[in-house]
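Next come two complexes, and both contain chain A; in the first it sits with chain B, in the second with chain C.
Here is the complex of A and B:
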């Protein structure tokens, strides 16, 4: 970044804000018309007759013993798509960690709260009490949601995000340093990697078992039981691990940015 | 009235797009992008809806109950997860833009500037 370039500097090719808005209004109107035209040709709302989905509604329970058909679609009928989705998330978190890594001109400093001479009142007793009380039930709820993915609404994705919010409670109610202690990053990364690898390994185990990749090779139990739906529950747990690890990593990286990393004195950017 | 859900999806899409076009702040821009994306949730769920259909979870309803389409619901779930991941990645880029160029106004980010 060179000095002396004020925000007022504008390139010649730049169009003014008003022109840009007019351009958008015209093209947006055209786009709206095209979209309306396209969607008007759709089956009327509430009158959907997609054979595939309606068939799955009928066969998922007798065939796979999963009462939550959406989980059956995600972890069984279209499990391969979910594998791709999982790795999109994996790659995104990896990219985020890479983008936000400590740069050469940055150093890790003590959190603002611990700066010398700074008086921080911290969270009030009431906030601390509530957040600390909520951590346990949040983790429990996450476990419940993950474990019942094939039965009632829920699954690894939803439960994983709930588990990661437990971390935010610790941050809200306590200090950042306490947060660092309960969130050993290598363990978080291992959790995430285990989740991602677990999904693939459960799929490959099907090949060893003599069925197709990601086919349901475990005993399927009684529909509605926790131990039903075979591999779906295992996959749900694997995804739960990956999502928990991934979101804890995302939250930690952003918190580290605001709290610990600061520009080394006298360093130049670039 | 049967077009209403689709009309709202179009509306959310365009409102989000207007936010992206007129944005002066990268974080605002990323949030507008997720508004654009949320229109796809409504579109997907709107497509799969069947009048008076139950949710496709057969724990306490008989198997032959009329239920909405489960495939678009699974797609919406994928959509939400990928959306969250992409938003996080873009926000990280915004953080780096602020560090490197000292600004988060897209108009002041010049590709030719160091």
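Here is the complex of A and C:
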């Protein structure tokens, strides 16, 4: 419990602490009773009856040559759903960029990290060493996770976020200016757009090959090979691009807000 | 249920209230980050490594980072 916040707020609120506690105890007891009732009626642990899941577990490897059934579901059997999910993130990042734009009463100041007389000391040598050492392996791991989406756990989404964390390491270990140098925003935006468009284009390419949208039209290879599972690997790479670009943009927007954007002097607030 | 699964469930059961109990947003971001890691262990113990990876990258890296940056911005306005 934080001090200072409680008493002041309690005086303002209409409901007293005792009433609130009583309300919590009653509703908590009701919730506990309902939960107990619901849990008592649940099937035993591990008693799985999902016909769809059992079926996919059996057919995914022979049919689609993907040893990671999750990816087979995401990028093949339910590829169309993933397309929708991808555009949810696309729209979210667009909205974020719009809300966190440079407003009329704001201007870019020199980055806080480089301000004259800055009190906070920079990253220590140990932090610098660790982060700089980790940047390479992080990018490599991200590439591995994206490239092996159809074979081992992971895929474009997880790999994409891992790739974006490499950017965080650069910020933590280096300086904001170094960060700006390694993330040319137009390139990041192109990466993101390429990923989003790539997903759709791979789907449309299937139509040219005479199969359904997002159907697996590439040769499927040997299960377990990097170049297997047909379009799944390509889709994984497309999603990887989009997610990397998306998260780098999100982090950049937030960092810019925090570090360089200043309210213009004399501007009215609100 | 294996021992690992029971331990993972117990840790998550302790971790979730811990996130709520940490009232200071700055501390909460760190506790939430650790909680994301616990969730990752839980999903891994229940044979869902894909979800475990997602949980670790989002729950313990991306979300706390965004909270920290937002806190930095708010603190900036106060001063």
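Criterion: the second predicted complex is superposed on the first by the 220 of 270 C-alpha atoms of A that agree within 3 Å, B and C clash if a C-alpha of one lies under 4 Å from a C-alpha of the other, contacts with A are read in each partner's own complex, and residues count from 1 in each chain.
One rule holds for everything that comes next: a contact is a pair of C-beta atoms (placed from the backbone, for glycine too) under 8 Å apart; a residue touches a chain by one contact, two chains touch by 3 or more.
These numbers were taken from a predicted model, which means no experiment stands behind them.
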item	value
First, second, both or neither for A:169, with chain B first and chain C second	neither
A:145 touches, of chain B and chain C: first, second, both or neither?	second
Chain B versus chain C as contact partner of A:217, first or second or both or neither	neither
Partner chain(s) touched by A:58 [first = chain B, second = chain C, both, neither]	first
Touching partner for A:70 - first (chain B), second (chain C), both, neither	both
Contacts of A:199 with chain B and chain C, given as first, second, both or neither	neither
Contacts of A:255 with chain B and chain C, given as first, second, both or neither	second
Touched chain A residues, chain B compared with chain C	B
Chain C-contacting residues of chain A that also contact chain B	1-2, 5, 45-46, 68, 70, 153, 157, 161, 247, 250, 254, 257
Contacting residues of chain A [partner chain C, same complex]	1-2, 5, 45-46, 68, 70-71, 145, 153-155, 157-158, 161-162, 164-165, 168, 247, 250-251, 254-255, 257-258
Residues on chain C engaged by chain A in the complex (per definition of touch)	1, 23-24, 49-50, 52-54, 57-58, 61-62, 65-66, 69-70, 72-73, 76
Complex contact set, residues of chain B against chain A	2-7, 9-10, 13-14, 17-18, 21-22, 43, 46-51, 53, 55-59, 63-64, 67-74, 77-78, 80-82, 84-86, 88-89, 91-93, 95-96, 99-103, 105, 107-108, 110, 113-114
Touching residues (chain side chain A, partner chain B) in the complex	1-2, 5, 7, 9, 11, 14, 17, 20-21, 24, 28, 31-32, 35-36, 39-40, 42-48, 50, 52-54, 56-58, 60-62, 67-70, 72-74, 78, 81-82, 85, 88-89, 92-93, 95-96, 99-100, 103, 151-153, 157, 161, 223-224, 243, 246-247, 250, 253-254, 257, 263, 269-270
